[in-house]
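Here's the structure we're looking at; comments come further down.
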Amino acid sequence: MLTAQWMYGLAGCVIMALGLRGALLHASLLQRIVAINVMGAGVFMLLVAVAYRGPVLPPDPLPHALVLTGIVVAVSATALALALARRLHAEQEDD
Amino acid sequence: MSPVSLPLFDALLLFSIVGLAWASLATTDERRSVILFIAFGLVLAVAWGRLLAPDVALAEAAIGAGLSGALLLGAVHRQPRPLSPGSTNDSRNQGATGMGVVLRWVVTLLCTALAGTLAWALLHAFSSVPHDMLPRAISGNLAASGVSNPVTAVLLNFRAYDTLLELAVLLTAVLGIFALGQANPGYQPAGPVFDSLVRWLVPVLILTSGYLLWVGAHAPGGAFQAGAILAAAGVVLRLAGRTRIGLPEGFMLRIVMAAGVGLFLLVGLTLLLLGRPFLGYPPAWAGSLILLIETAAMLSIAATLLLAFLGGRPESPAHAARTESANTTASNSGNEEQTRC
Amino acid sequence: MTELFLLSALGLMLSLFLGLLRVLLGPGIGDRMLATQLIGTAGVGILLLLSVLLDQSALIDVALLLALLAAVAAAAFTGQQKTQHD
Amino acid sequence: MINILSSILILSGVFFYLAGSIGLLRLPDLYSRLHALTKADNLGLGLLIAGVALHSQDLLMMLKLLLIWLAVLAASATSAHLIARQARRQETGS
């Protein structure tokens, strides 16, 4: 077992839980969106830690591919969520 | 590698990352939260580099530093008051009422339990010998994949299905954004200092994206990173107050948006007709087919990410120019810019 | 030589960490933005050192992207948005 | 010989980085922090890059490193300007 692997893996768990808590408890929509992004980053860290094989062996490329696509999907989902929030705000303003 | 100092480096790095994640969610000030989140992304890019994941680090640097920060900051600035559902006097926010406090604790406890369970599963997995079947299968078939960067091989050959569907997801997200309304109004023309930076930064970003697309075959890089950087060039132009940010209009825009999915499907179906499996490239052609698909995918990714940044259907530049000229003094320099470029 | 690179990476990490304190302390939003800038520059330095230490030349490209996009956050932060109906 | 020179450059780069971040923490107001930081981290990165370039001895790498330094110089000057202008605007505005 590699020291770095569990250090980053555990940090990933903590970050994910922090993000989930924020997403559930924040009142502000924008901050919930930020929180979901933090949660995603935690999951990415978990995956990249699982792929790590020490400084000499090459890491497993499959989780890297997953995380790479995950980052791009996360940013477009964030943009969609922000557009939804903006629309919601505009509707509230009309009332 | 020295055994002592690298764990120390890791500890400092992780402490910073977890601290930033915590701090960006602990505050109720939206602007502060977003700035802390941007710093979080910067440090995260370093962590991906440290874990020997340069492909991921490139994407994080391009998206974390370029797109998502600009996206979130733009959203904060547009809101005169916080974006909150229902009334501003939200009990969850105050946390003063008894119910609220109980709820907070229950959620915190459940999240801690979840983190604990995950950590336990992770430690369990780490203490056994890793199953290296998949990595071995990847490196064993790398020679036939047409590229030598294993991450690109996974994305565009071994798991090409996933990437095709992911491009479809991106397209769907943008269509959803289009359905919600018009694009954000954009930015006032920037001052001379930022403008002179933009003048050389945008060409360098475009060059860099071409470079990343090209090296993706044999080194870290590829369509996603290249597309994100190309989109960042558009974001920079938008922030400088330009109305022309490199997006095509009308029918051409639709073609560019759909190019990635379209070409991918075209290649897959042609291969089916030729009696090969869907997206099972002949090894001799694999390299060129991958580069072709990646080029189309890069353009589509760049267009979708840039449209996502605009936050709605783009107005036609002609219309934008009309409103701008009606907009008098402040935009004079902006109009000059447009005629020049 | 490896020792030196490691030591320097640790030094830059410390610098990043100090910048982080300023991001957390504020007080103004401008102070936080400025400190984020320092975190970015320190990140660029750390990636350069890591690229030598871990023998990963691609990390230079990551540093290049961070360097090229370093001004984007500040521009997005200070940019004046047009209002919807003028 | 080259190794020694490269080590000296890298270590002095790190020194300027640390000086810059200590300045960021200790100086009393935004404007003085701006001054201290932009000078220190640009110089720090410049020295560091010179050291790494000497160590790498690869022409393409050196060109990339030079581009990184120029980009950071331009970006930090621009963002310092933008942040200072914003702060001034807020002081006079409201």
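In order of appearance the chains are A, B, C and D, and numbering begins at 1 in each one.
Keep this in mind: a residue touches a chain if its C-beta (ideal position, glycine included) is under 8 Å from a C-beta of that chain, and two chains touch if they have at least 3 such contacts.
Nothing here was measured: the structure is a model prediction, and the numbers come from that model.
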item: Selected pair, greater C-beta contact count between A-B and B-C; value: A-B
item: Whole-Å gap between the CA centroids of chain A and chain C; value: 20
item: Chain centre separation in whole Å, for chain B relative to chain A (CA means); value: 12
item: Between chain D and chain B, distance of the C-alpha-averaged centres to the nearest whole Å; value: 27
item: Touching two or more other chains - residues of chain D; value: 67, 71, 74-75, 78, 82, 85
item: Two or more partner chains touched - positions in chain B; value: 1, 6, 48, 52, 55, 78, 184, 194, 197, 201, 204
item: Chain A residues counted as touching two or more neighbouring chains; value: 55
item: Interchain contacts, given as pairs of chains that touch; value: A-B, B-C, B-D, C-D
item: Contact set on chain A toward chain B in their complex; value: 1-11, 13-22, 24-31, 33-35, 37-38, 41-42, 44-46, 48-53, 55, 58-62, 64-65, 67-69, 71-73, 75-80, 82-90
item: Chain D partner contacts - residues on chain B that touch it in the complex; value: 191, 193-194, 197, 200-201, 204
item: Chain C-facing residues of chain B, complex; value: 1-2, 5-6, 8-9, 12-13, 15-16, 19-20, 23, 31-32, 35-36, 38-39, 42-43, 45-46, 48-50, 52, 54-55, 57-58, 61-62, 65-66, 69-70, 73-74, 77-78, 184-188, 190, 194, 197, 201, 204-205, 208, 212, 215, 219-221, 225, 229, 232, 235-236, 239-241, 327
item: Partner chain B, residues of chain C touching it in the complex; value: 2-3, 6-7, 9-10, 13-14, 16-17, 20, 23-24, 26, 29, 32-33, 35-36, 39-40, 43, 46-47, 50-51, 53-54, 56-59, 61-62, 64-66, 68-73, 75-77, 79-84, 86
item: Complex contacts: residues of chain D adjacent to chain C; value: 3, 7, 10-11, 13-14, 17-18, 20-22, 24-25, 30, 33-34, 37, 41-42, 44-45, 48-49, 52, 55-56, 61, 64-65, 67-69, 71-72, 74-76, 78-80, 82-87
